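Dumping the structure here so I can ask a few things about it.
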Amino acid sequence: MRVDGRQASELRPITIETDYLKHPEGSVLISVGDTKVICTASIEDRVPPFMRGQGKGWVTAEYAMLPRATGQRTIRESSKGKVQGRTMEIQRLIGRALRSVVDLTAIGERTIWIDCDVIQADGGTRTASITGAFVAMTLAVGNLAKEKELSSFPIKDYLAATSVGISSDLGVILDLNYAEDSTAEVDMNMVMTGSGEFVELQGTGEEATFSHQQLLNMLEAAEQGIKNIIIKQKEALGETASLIKTSSQAGSL
Amino acid sequence: MRVDGRQASELRPITIETDYLKHPEGSVLISVGDTKVICTASIEDRVPPFMRGQGKGWVTAEYAMLPRATGQRTIRESSKGKVQGRTMEIQRLIGRALRSVVDLTAIGERTIWIDCDVIQADGGTRTASITGAFVAMTLAVGNLAKEKELSSFPIKDYLAATSVGISSDLGVILDLNYAEDSTAEVDMNMVMTGSGEFVELQGTGEEATFSHQQLLNMLEAAEQGIKNIIIKQKEALGETASLIKTSSQAGSL
Amino acid sequence: MRVDGRQASELRPITIETDYLKHPEGSVLISVGDTKVICTASIEDRVPPFMRGQGKGWVTAEYAMLPRATGQRTIRESSKGKVQGRTMEIQRLIGRALRSVVDLTAIGERTIWIDCDVIQADGGTRTASITGAFVAMTLAVGNLAKEKELSSFPIKDYLAATSVGISSDLGVILDLNYAEDSTAEVDMNMVMTGSGEFVELQGTGEEATFSHQQLLNMLEAAEQGIKNIIIKQKEALGETASLIKTSSQAGSL
Amino acid sequence: MRVDGRQASELRPITIETDYLKHPEGSVLISVGDTKVICTASIEDRVPPFMRGQGKGWVTAEYAMLPRATGQRTIRESSKGKVQGRTMEIQRLIGRALRSVVDLTAIGERTIWIDCDVIQADGGTRTASITGAFVAMTLAVGNLAKEKELSSFPIKDYLAATSVGISSDLGVILDLNYAEDSTAEVDMNMVMTGSGEFVELQGTGEEATFSHQQLLNMLEAAEQGIKNIIIKQKEALGETASLIKTSSQAGSL
Amino acid sequence: MRVDGRQASELRPITIETDYLKHPEGSVLISVGDTKVICTASIEDRVPPFMRGQGKGWVTAEYAMLPRATGQRTIRESSKGKVQGRTMEIQRLIGRALRSVVDLTAIGERTIWIDCDVIQADGGTRTASITGAFVAMTLAVGNLAKEKELSSFPIKDYLAATSVGISSDLGVILDLNYAEDSTAEVDMNMVMTGSGEFVELQGTGEEATFSHQQLLNMLEAAEQGIKNIIIKQKEALGETASLIKTSSQAGSL
Amino acid sequence: MRVDGRQASELRPITIETDYLKHPEGSVLISVGDTKVICTASIEDRVPPFMRGQGKGWVTAEYAMLPRATGQRTIRESSKGKVQGRTMEIQRLIGRALRSVVDLTAIGERTIWIDCDVIQADGGTRTASITGAFVAMTLAVGNLAKEKELSSFPIKDYLAATSVGISSDLGVILDLNYAEDSTAEVDMNMVMTGSGEFVELQGTGEEATFSHQQLLNMLEAAEQGIKNIIIKQKEALGETASLIKTSSQAGSL
């Protein structure tokens, strides 16, 4: 039995509150257990300099934590005057993952800015950010599609993420909270589409290693977990969900 | 009639949700109309170097806005690598105002870190931050008083803030929202105690000026508004409110 | 009796040496007691990006202290790589105050850069900077008016500043020096026009508060003080003073 | 056939020149095809503050490229005043990977600083850095073991890395050069030990995705490639190789 | 004839106003022609970390220009967030030059901070800074010697600087003003002691070169110029001059 | 006898390996004794903003050391977030020196970026950088001249540098290694052309001074040394050497 009473391959409760803020084109407050992230999507009518004139759009992400999202207060990155390596890694991951399901040509020369601000952290903030940001982005693009004529709906498939790890006591465990994350020997973050394809796979053994078989076991648990998360995303999106035309495999979710 | 239907000296609706986050010693989500700020108070068992060995504590504040708290997305200060002048001004104001009602000796050699993070902005973010931060700080100090023996309860009086301005159409107006703030000729922020004393008074005529009589009219409106805000703070604090032993004048609120 | 022998509502001696430097369009060395500030005004034939194409000008200010302007050497902000909150607050105040008496349309698409560099500090550096910068700016605009055809003289009124405070011994005192400023319970900076209107009012009780009546007493002392400072500005401006066409009220000074 | 004539699962030629520089405790110049990296290991007799007093050591890494390691000159990070996200990601990866095969207790309270400076880049700079840094670190630790009494030899196993990807033409390809990396749909970096265990697995589909079966195919190719790279490391280490006492599985390489 | 009517080997008029500011231990306002620099010397009772425990002191210098010291306003280095190469070069030069005439052991574990702030620039700001800083430092050390028992007077000799250059029209010219400096083919800064020894020699041909004979001619002019500058320093120092016990050669100046 | 067995006016062995890297337009690995520097020259088809539209080119240089080029590991400037004064001084010197022998008009509106990265340091890194950078630049310009029609060959003369110093034991010594540099009383860097003209002369007595006669002796030793270095440059340049048309004096080398 896990510290919070879950089964080894059981997700934490997930809630996704849509249109959480009044200004952004799309916004959600996602809770995955005690991890809470405000995800917003902002649409800007131009692209960064390196992409101009190509008739394509761009998706980019930023990530931050409130100082007291954590048990101990952390110093603001603005006070330190620089963004930490961990933050950069996470925001690069979020942007890359989201771009894999967006038809950049269909959004035209626009930038979608994703902001993920963790207001309470209990493990899995990067995967909750991806899951929530997908919904915020889809809402924003849904609004864009109502206002502007787009060649097709730019979101090609669902996208969600979770973590999986290996605990010395319990073996493979899904969706680690902070206490589990701190003691796990191996930690793997996975991002998958509604069609069951991989987008990102980042497995790390901090001062430890893992075998080929352990890898296969982690993949299996994560694949099932992500299917269940995508069901939550569909519910949260409501009518907007119908705009996403995925392949037949996705339809079977 | 004002843009949102209020009378000239009418406050916007205020709600203060206490214990909003699980990690901080004190936290609230304050809403003043559409302005929403997460205020947290963190207690650290040491003081900054310049105060060590004096047997006194310190209160300091930081303020930030989520990028999409505003109508247009604003760039993160961490991305720019520096904190803007406006932010510094506001966080210095919040810290200074809170210190005026804290008995620094009674908290011992501890620092109270206040964090005010605006998640939605519609004018008056600095005054909402002060009002909310006072409640978060009092909750945190209330918790501290339960765990540690303090010589006396360190919060000496209530503290709240609001804005008042002069509109060319309507004259003196209380608690300006963003639309009103953008067009007002004069903008004044006031911070007062439960005893009706001034703590801060910052009046500014951007490309305009104001007369002695106009100043007196603004003071009158703001004094009444702050009395009403303090009533909301008392309700939000619940039992903790009884720990604040103010002078007789405050008792009459 | 005050520490330097002044009456409670007596200003320190003020001298304003005009055309102090050879390069700037306008420059003064202002001394208020032992506080000495070099104020320069530079005119640039363009405006910042956010103002282009509006047919209006801009006034902006920067403020700094020499490392040894103070009793203890302070580290240069360039060495630290960032500008401190206090500096930003002051330079924003100076710029805002000066803009209130400038007809930005009359200066055309030009920027007036004000630089206030404190070479010796003894309290009241920000108010001395405003008082001196007004003279430097007026000299620069006077020179501009000689060389270029302006629709009207852009300086609409006089502008000066002083501080006022409350001492536990002496009550309300005007124009605080450093020793007084360090021990005063309340400190208020006021900026007023030649017409007797308020431009800025910043009253602060650091770890203290002040009553409505104390506020009224401070206003009275400061209003009289600023009238006397403006007389010094007129003398310093010499012939250029005649270019400022203020309202009848100002004429009565 | 690949652009440089290799088979799909063929590595580029690898050379590892040991003791390349005179000052560092361990150093190599590693060439993997046209990618050339100077890897040094420096031993410092103390650990970072967060590790003091635990009787354990630390391994940390830094990574950089000469401005003209690349086809187009890139701006120095020191000139820009900040380290880019990509650099941080890579140096965090290198440090984490090396720590997985080091017995931190056996090195005592010492820090091993790894510096990987790419002097010529043609794809795979991060994996070449890990492969080379392992050799430099082992040489440095070998020297340390000669001078100081260590409880046991701190390097527990071999460690090497390579990349594998999916090309639309050729399917799974091993050890991508720059031209291949730029056009591959999927790119995966793998770090493994001499015992055949995984340490890091980072698979990314930039604007693409990959299936479960494709993942298995990539793992197979990379596992074989890393075995061959470790043979090169053994040759380069010479006598020092005998100090590494790996498990029986590693012995069979 | 030179642009300002001087002979080729004639210095500009020099004035050195001592005790210019009230706070620093030593201060001067030096004018060399239209170049004006405030030089201060501050004595701190400790040395930087790299010198602790050696029983020796340190001398270090900082240099800056007011934004409007120059014909065109220059941006503050604090606003840019970094110190420019030219500034660093100059402040390193000033510190190094002053240290050559100070007995660091005789000042004890103290740091002398030199600040040179150019308030008006017309060429030769670095050499005027050295000449003025020597006087400010000597005054500060003179005051130190009165208050504390020093083993001997720490200033071992006079120190002054000037520039010399080659103009295509006039050949070798001494003490270049800004107009001359901008058009000279070769520019050499020289720092010498009262004993006629060299401390620094920095000759530069920007997009030009100079011959062995031209070098000898420049040395001759500069040597004579520096002798005359030292006479001015002696006058400015007044009684304090008698504390400097130089070698016989210096005595003959 | 010197520490490495050399005569007082004997250079260390010099090797210059050309075309060391595959990407840059020109590159060398220069070794001067144990000092090793990778010098590259990159040609960019535009000039910095301040030079646009003048029909002239620009040459600029950057300099850095690998962290473990030195006996003790030094912190990367990118990690510190700023470039140190010493680095700026050196890169400004390299750029200025190279420009003195380049006909900027003949290279057209192009920038030549010089990068000098010290991979191993044993004294004299700045002079080795200049000597090596000259060869890398000439190779790059030689390649440019083959591809584009230039009005004339832009390199007007040879350029090389060395150091000379005064040791208390040995008197004047040429080409100081690190051990000698650390103990020398005076250190002078000289940059000269193939025609025997001076370009830069930087003599410094750190906590010491030097006489007129000592200066003449240092000049003599350095002039002879530079002649010998230029012979090495000619050999390294091979056929490209014939493109440099120097004056008759240079021809006699």
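So that you can tell them apart, the chains are marked A, B, C, D, E and F in the order they are listed, and the count of residues begins at 1 in each.
By our rule, contacts are C-beta pairs under 8 Å (C-beta built on N, C-alpha and C of every residue); 3 or more make two chains touch, one makes a residue touch a chain.
If you want to know which protein each chain is, UniProt gives these names: A, B, C, D, E, F = Ribonuclease PH.
Computed from a prediction, not measured in an experiment: that's the story for all the values here.
Chemist: Give me the set of chains touching chain A intersected with the set touching chain F.
Modeler: Chains that touch both chain A and chain F, as defined above, are D.
Chemist: Stepping chain to touching chain, what's the minimum from chain E to chain F?
Modeler: 1
Chemist: How far, in degrees, do you have to turn chain B to put its CA atoms on top of chain F, rounded to the nearest 5?
Modeler: Angle of rotation between the two copies: 180 degrees.
Chemist: Among A-D, A-B or C-E, where does the E-F interface recur, judging by over half of the contact pairs matching in residue number?
Modeler: Of the listed options, the interface copy of E-F is A-D.
Chemist: Relative to chain A, which chain's C-alpha centre is the most remote?
Modeler: Result for max centroid distance from chain A is chain E.
Chemist: Measuring from the mean C-alpha position of chain D to the mean C-alpha position of chain F, what distance in angstrom results?
Modeler: Once rounded, the distance between the two centres reads 34 Å.
Chemist: What whole-number Å value describes the gap between the mean CA coordinates of chain C and chain D?
Modeler: Computed value for the inter-centroid distance: 61 Å.
Chemist: Go ahead and note the Å separation of the Cα centroids belonging to chain D and chain E.
Modeler: The mean C-alpha positions of chain D and chain E differ by 52 Å.
Chemist: So which stretches of chain A touch two or more other chains?
Modeler: 81-83
Chemist: Under the touch definition up top, go round the ring from chain C by way of chain E and list the chains.
Modeler: One full turn from chain C through chain E gives C, E, F, D, A, B.
Chemist: Looking at the complex, which residues from chain C come into contact with chain E?
Modeler: 21-24, 27, 34, 38, 40, 42, 44, 62, 64, 66-71, 73, 76-83, 87, 113, 115, 117, 119-121
Chemist: Per the contact definition, I'd like the list of chain E residues that touch chain F in the complex.
Modeler: Residues 82-86, 88-89, 91-92, 96, 99-100, 104, 188, 193, 195-212, 215, 219, 223.
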